[in-house]
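Next come two complexes, and both contain chain A; in the first it sits with chain B, in the second with chain C.
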Partner chain A sequence: MTRFVVRRLISMVLVLFAISVLTFLIFQVIPNGDPAQRMAGRLSTPETVAAIRRTWGFDQPIWQQYLTTMKKIFSGEVISYTQQVNVLDQIKQDLPATLSLAIGAGIIWLVLGVLFGLLSAIRAGRFTDRALTVLALVGVSTPVFLLGAVALYFLAFRVQLFPNGGYVPLTSDPPQWLYHMILPWLVLSVLFIGIYSRVLRSNLLDTMNEDYVRTARAKGISERRVLLRHVLRNSLIPIVSLWSLDFAAVIGGGAILTESVFNLHGVGQYAAESIAQLDVPPVMVVVMFGAFFVVVLSAVTDVIFALLDPRIRLT
Partner chain B sequence: MRVRTFGATAVAVALLTVAAGCGGGGSNNSTTSSGSSGGTAGGTATVLMGTAPDYLDPQLGYTTQSAEPDWIIYTPLLTYRHANGTSGGQLIPGLATALPTVSRDGLTYTLTLRRGLTYSNGTPVKASDFPYTIMRAIRVNWGGKSFYTNYIAGASAYDGGRASSISGIQADDATGRITIRLTQPYGAFANVLAFPSSGLVPRGTAMRNLSNTPPPGVGPYKYSSVSVNRGFTLTRNASFARFGIPNIPTGHLDTIRVTIVSNTQSEAQQVLNNQADVFDAGDTLPPSLLPQIESQASSRFARVPIPSTYYFFLNVTKPPFNNAKARQAVNMAIDREAMVRLASGFLKPTCWFLPEGIVGHPGNSVRCPYGTTPDLAAAKRLVQQSGTAGTAVTVWGEQRSPRREYVDYYTDLLNKLGFKAQERIVSDTVYFPTIGNAKTDPQTGFADWIQDFPNPSDFYLLMDGRSIQPTNNQNFSKVNDPHIQGELNRLNPVPATQLNSVANDWSTLDQYTASRAYVAVYGTETMPKFFSNRLDFGAAVFHPTYLNDWTSLQLR
Partner chain C sequence: MSDVASSSSLAMSGGRKPLLDVEDLRVAFRTEEGVVQAVDGVSFHLDAGEVLAIVGESGCGKSVTGMTLMGLTRSPNARFGGRATFDGRDLLAASDDELRRVRGAQIAMVFQDPMTALNPVLRVGPQLVEQIRAHGDLGRDEALERARALLERVGIPRPEERLRAYPHELSGGMRQRVMIAMALSCDPRVLIADEPTTALDVTIQAQILEEVRRLRAETNAGVILITHDLGVVADVADRVAVMYAGQIVEQGTLDELFYDPQHPYTWGLLGSIARVDRPRPPRLPAIAGTPPSLADPPHGCRFRPRCPHAFERCGELPPLEARAGHPDRCWLTPEQKRTKRRVGGQIGLAHGDEEVAA
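This part shows the complex of A and B:
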């Protein structure tokens, strides 16, 4: 176990390093992306731009700028170029909305994805399976921004059943928090439910034909028990793997469109706005933040694999 | 120029037109007039902004979104009348007792601070706060600081770290007298004194971005809470009313709650449904909702022109537009009505560089040199005569809608005229640094200018040969015309308070510029004034510089 943890920690450091370098370099090669020029405004003189460059250290070699930025990130002093606010404070402010979205939607898409996948597999080839297949394809094919806009237009604007976007903190008003989150949860989940149910259906059908399943049936174990204890348990391994990566990506700012359409002011929305402004510090922090969650949850997934399948050992 | 940001617009554009097909009806192009219709005092209104203000620190804010609150929280020595249209461009004394006394050589401005003023936190206002405020704007790198460093004696030295204060500003706390010495006559300097960034803050205010905890100011409102990128709340500054400053209203609402929304579709829907009160004028109304707004909310929606110029620059130093006939052909062929349609009606066609509402605008009675009806056949003949047909042209443009569509249309037009035009679309964030870089040296493309202040010199900076520079160049056509230079040398020093005396001269100059076809102007932007039915629409002022005047908002 110790070896596993150490190995994962080393890989996490390497991943974060590689991602931070890549992100930083991408912004350096954008033509005319000089932050000093943007900060100086349209009417600035070359002297003003040069002064800003000196003040902010943009005149330093790239490697030095990278090191300075990383130092500031880890000391919690990193400031955005565009609004000159502390990036970590901004992420702390935005994180509850993102966590609310990710946790709620993550539970919904996992539960419904598994349920629909199971139903499809059990009823393979019948009407239920075909109906769920069509629904899954619709869910997978519908872009989040379209679904979100349609949902907002009809359910929030026309019928006024839900609020027109916005986020209410759980700590300040739990019922309002729930009321504001239902629509974003459902919209974000639709895509994942479609994918998960199709993946699980396929796994379940494959597993049902495995020798050990046949053996279990031959031993006289009830069909329900065979399905839940033997078939489903093994078929869930890729689902757990998928879920952890998707969940981590959503926490790390992956729900850009959902957050923007529903005006949740989460980490994803912050990332989108920062990218639009070519604001390197927040983009770097959000990217590293996302990568951190992906690496950590991937390690947690490996532990869950071992619990689901006794043949897997953590090394 | 004041920057209009459009972060949320990108999202709105991505949101498909789900609301299309609902309703129809006529448009309302009128500019509203001021005047009260008996609204109630007090209460709370919610303003929705699709794009967050760049800063809530008065010495850093430079976008329309930050100017709206800053104008009514941080009153400068001079300010503008709270009125619609041209009247809103009139300079009035703010914290100064009167308009400045300008020396004969135009180099010295003298003002006196009103007595008995206090900031919203109770701190007395001192004359020495003024030089400190200007130093702060320079030190924190305000986007328009060159308005100070280029003209105030000693400001450039302070900026460069060669001086610890600005030698050109003298302030006497005992008498309240403030004297500002300029390095060269600059008629628009009174307008510079009216920038929200010149709005006084107490001496000792930290020389860093204070958007999280904005400093106190002197104005009808004050910030009572701020959550960067999410929203902020303004409440009435109780002490302001007792100062009795003429022509600066004390406001009607007790509280103005501003919420930042990332989705302008949702922003417009909420105002249409009366779930929020004000659609921020700096945002773009989603075209899909326009028919519904025009049919269901025509009494609380208007398109209001603001002094701005939208044009295609034509680089006179490079082929084909170093040829006057090629430039004239573009001006002759351009279909301004088509541009208005591309802008969903948020553009008013014009051929003049000085827009309506700015002294010197030639007016609708003066005929455009190349006509107002497009004449493609004559334009094609001109291109053939010029010998520039077949020249490869790269047309530069921004990504955001409808600017991208303007450039699509323009590229197509150039091809119809006989050029071999190709588009080069650049990300909005880097567009102006890119086309303003000498290495790019673009032939032609999109450009715009929204007034910093109501003064023709603010627009003619773009035609001033002296403003051509290797980076951040704004004279994209690279105009260096001796006649224009001579006129600018004569007209620029005329003090802002005497602008009307040279209105005809500016008008003649603008007609000359149009005749030379240095640029192809196609319109002036109009902005949406769109409220919920809770607010008194008729009584609300739409200011030409600061858009919705929140002091004029009142509940019905």
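This part shows the complex of A and C:
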């Protein structure tokens, strides 16, 4: 167990290092990416630009700039170029919206994905299965921005069943929070429900052919028990790992499109806006923050994995 | 032909109703390659306290026969024919619910591969308890105690510990014992053991067979022992049915089969074990060629393409008929068989060139 934790910590450091260097370098090579020029504005004199360059340290060698940025990130003092506000404060402020979106949608897509996958597998080859297959295909191939826009247009603008985007904190008004979150949850979930139900369906059908399921049937226990205790339980193991990685990705800024379409002011939307303005510090922080979640949750996943399947040892 | 087989079987059981009576069993699967007739008109009976061996090469329908009796081959792609009467009811026509009450309680099965037959994510104890509690109203603790006693009975040391173990923590032999304990847990009247020893090494094999023998003596259950290994058959069986390509080609008592085999396929099987001086090969290599595809079996006698003694008449399927005491499916006369089956002073299947050495 200690070895497992140490290994994971080392890999986390490596991942964070690699991903931060990469992000930093990408912004160095983007054309028109000179932050001093952008801060000074289009009509600035070369002197202003030079002054900005000196105060922000843009005249130093790249590795020096990288180190300075990293130091600021870890001491919590990193300031964005465009808004010139503390990036960590901004993320703290945006995090509740992102967490609300991720947790709610995560529960919805897990429950519905499992439900539809199970239904599909039980009725394999029959009408329900075929209908769900088509639905899943549509769900997987509809882009989130399109789905979100269409949902907003019909359900918020035409019928006015739901609010037209925006986020209301859970702490200030729970019913309004729920009211504002339902549509984003569903829109974000559709893709995952499609994927999960298909993955689970094929896992289930594979598991049903396992010898131990035949043994279970031979015991004379009820078909329901065979299905839940022997088939579903084993088929769910890969789904659990898929879920926690997707969940981590969504928290770490992976719901950029949904957050933007519904104007939730989450971490993803913050990242999107920062990228549009070529604002390096927020992007680096969000990217590292996302990577951090993915690494932590994949470690958690491995622990859950080992709990669910006794053949797996943590290494 | 099924009439012949079952009337002769009635005669053997002294006119009493057998424990299990299978008549003209047919099982077909619809597959992508066409319809696979896995079992094609199989008839046999089983009495209490007897061991019936079903022998044959890989893929000839032995497992399908066994599993069909428990309803484990039921699926939208499977078609069944014939009858399997147990306890006055036809197992093939029974509803899923009726069958569920029989499975595990009255008829139990030990499967071919112990390595994969147990659920890898559940401990051994709960897997045993599950079956015990499905067929009686024992409490959890009583059922667990019973499971412990069962493990002890099949010779597993430190049973308390094993109950808490996961399958992957046990050896193949241990797992097979657990499977046997599971099969015995509700005192079944019929035990179907599908190659219970194939996956195990020789010493474990002997122990498992001893277990089967003891079970028969202690509980008076009827045992169907499925195997491709005539050595195992000689050890424990009372009667033998030889299967080839979905059909029974010869059926008789152990002595009849070993000392007066009628079908060339049986000769081939016997020839492959006759050499006691060499270790027994695991998969009968003595008969040249491979069994036919069950999706497209040969016309006439199914063994004809591999049989060195085939003649014109073999283009017609021989019925399962008693021509010399016990039933077989071969057109040769008993006299011809007596000469042709002797190869180098032993019973065996001559190769095409070395023909009959009398």
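The definition used in the following text is that the second predicted complex is superposed on the first by the 315 of 315 C-alpha atoms of A that agree within 3 Å, B and C clash if a C-alpha of one lies under 4 Å from a C-alpha of the other, contacts with A are read in each partner's own complex, and residues count from 1 in each chain.
What we mean here is this: a residue touches a chain if its C-beta (ideal position, glycine included) is under 8 Å from a C-beta of that chain, and two chains touch if they have at least 3 such contacts.
From a predicted model like this one, the values you see are computed outputs, not experimental measurements.
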Joint occupancy of chain A by chain B and chain C, clash or fit
fit
Touch test for A:R123: chain B only (first), chain C only (second), both, or neither?
neither
Pick one for A:L308: touches chain B only (first), chain C only (second), both, or neither.
second
Check the residue A:D34 against both partner chains and state whether it touches chain B (first), chain C (second), both, or neither.
first
For A:S222, is the partner it touches chain B (first), chain C (second), both, or none of the two (neither)?
second
Which superposed partner A:K72 touches (first chain B, second chain C, both, neither)
neither
Of chain B and chain C, which one touches more residues of chain A?
B
In the superposition described above, what is the shortest C-alpha distance between chain B and chain C in Å? Please give a whole number.
45
Parts of chain A lying in touch with chain B, wherever the complex brings them together:
30-34, 37-49, 51-52, 55, 82-85, 90, 93, 145-146, 148-150, 152-154, 156-157, 160, 164-166, 257, 259-263, 265, 269-270, 272-273, 276-278
Touching residues (chain side chain A, partner chain C) in the complex:
125, 210-212, 214-223, 225, 229-230, 233-234, 237, 308-311
Considering the complex alone, what residue numbers of chain C touch chain A?
67, 70, 72, 76, 96, 100-105, 108-109, 111, 113, 116-122, 130-131, 134-135, 166, 168, 179, 182
Considering only the defined contacts, which chain B positions touch chain A in the complex?
1, 3, 7-8, 10-11, 14-16, 18-19, 52, 54-55, 60, 62, 141-147, 149-150, 156, 159-160, 208-209, 211-212, 227-230, 259-263, 265-266, 269-270, 272-273, 275, 427-430, 432-434, 436-437, 440, 452, 461, 469-472, 474
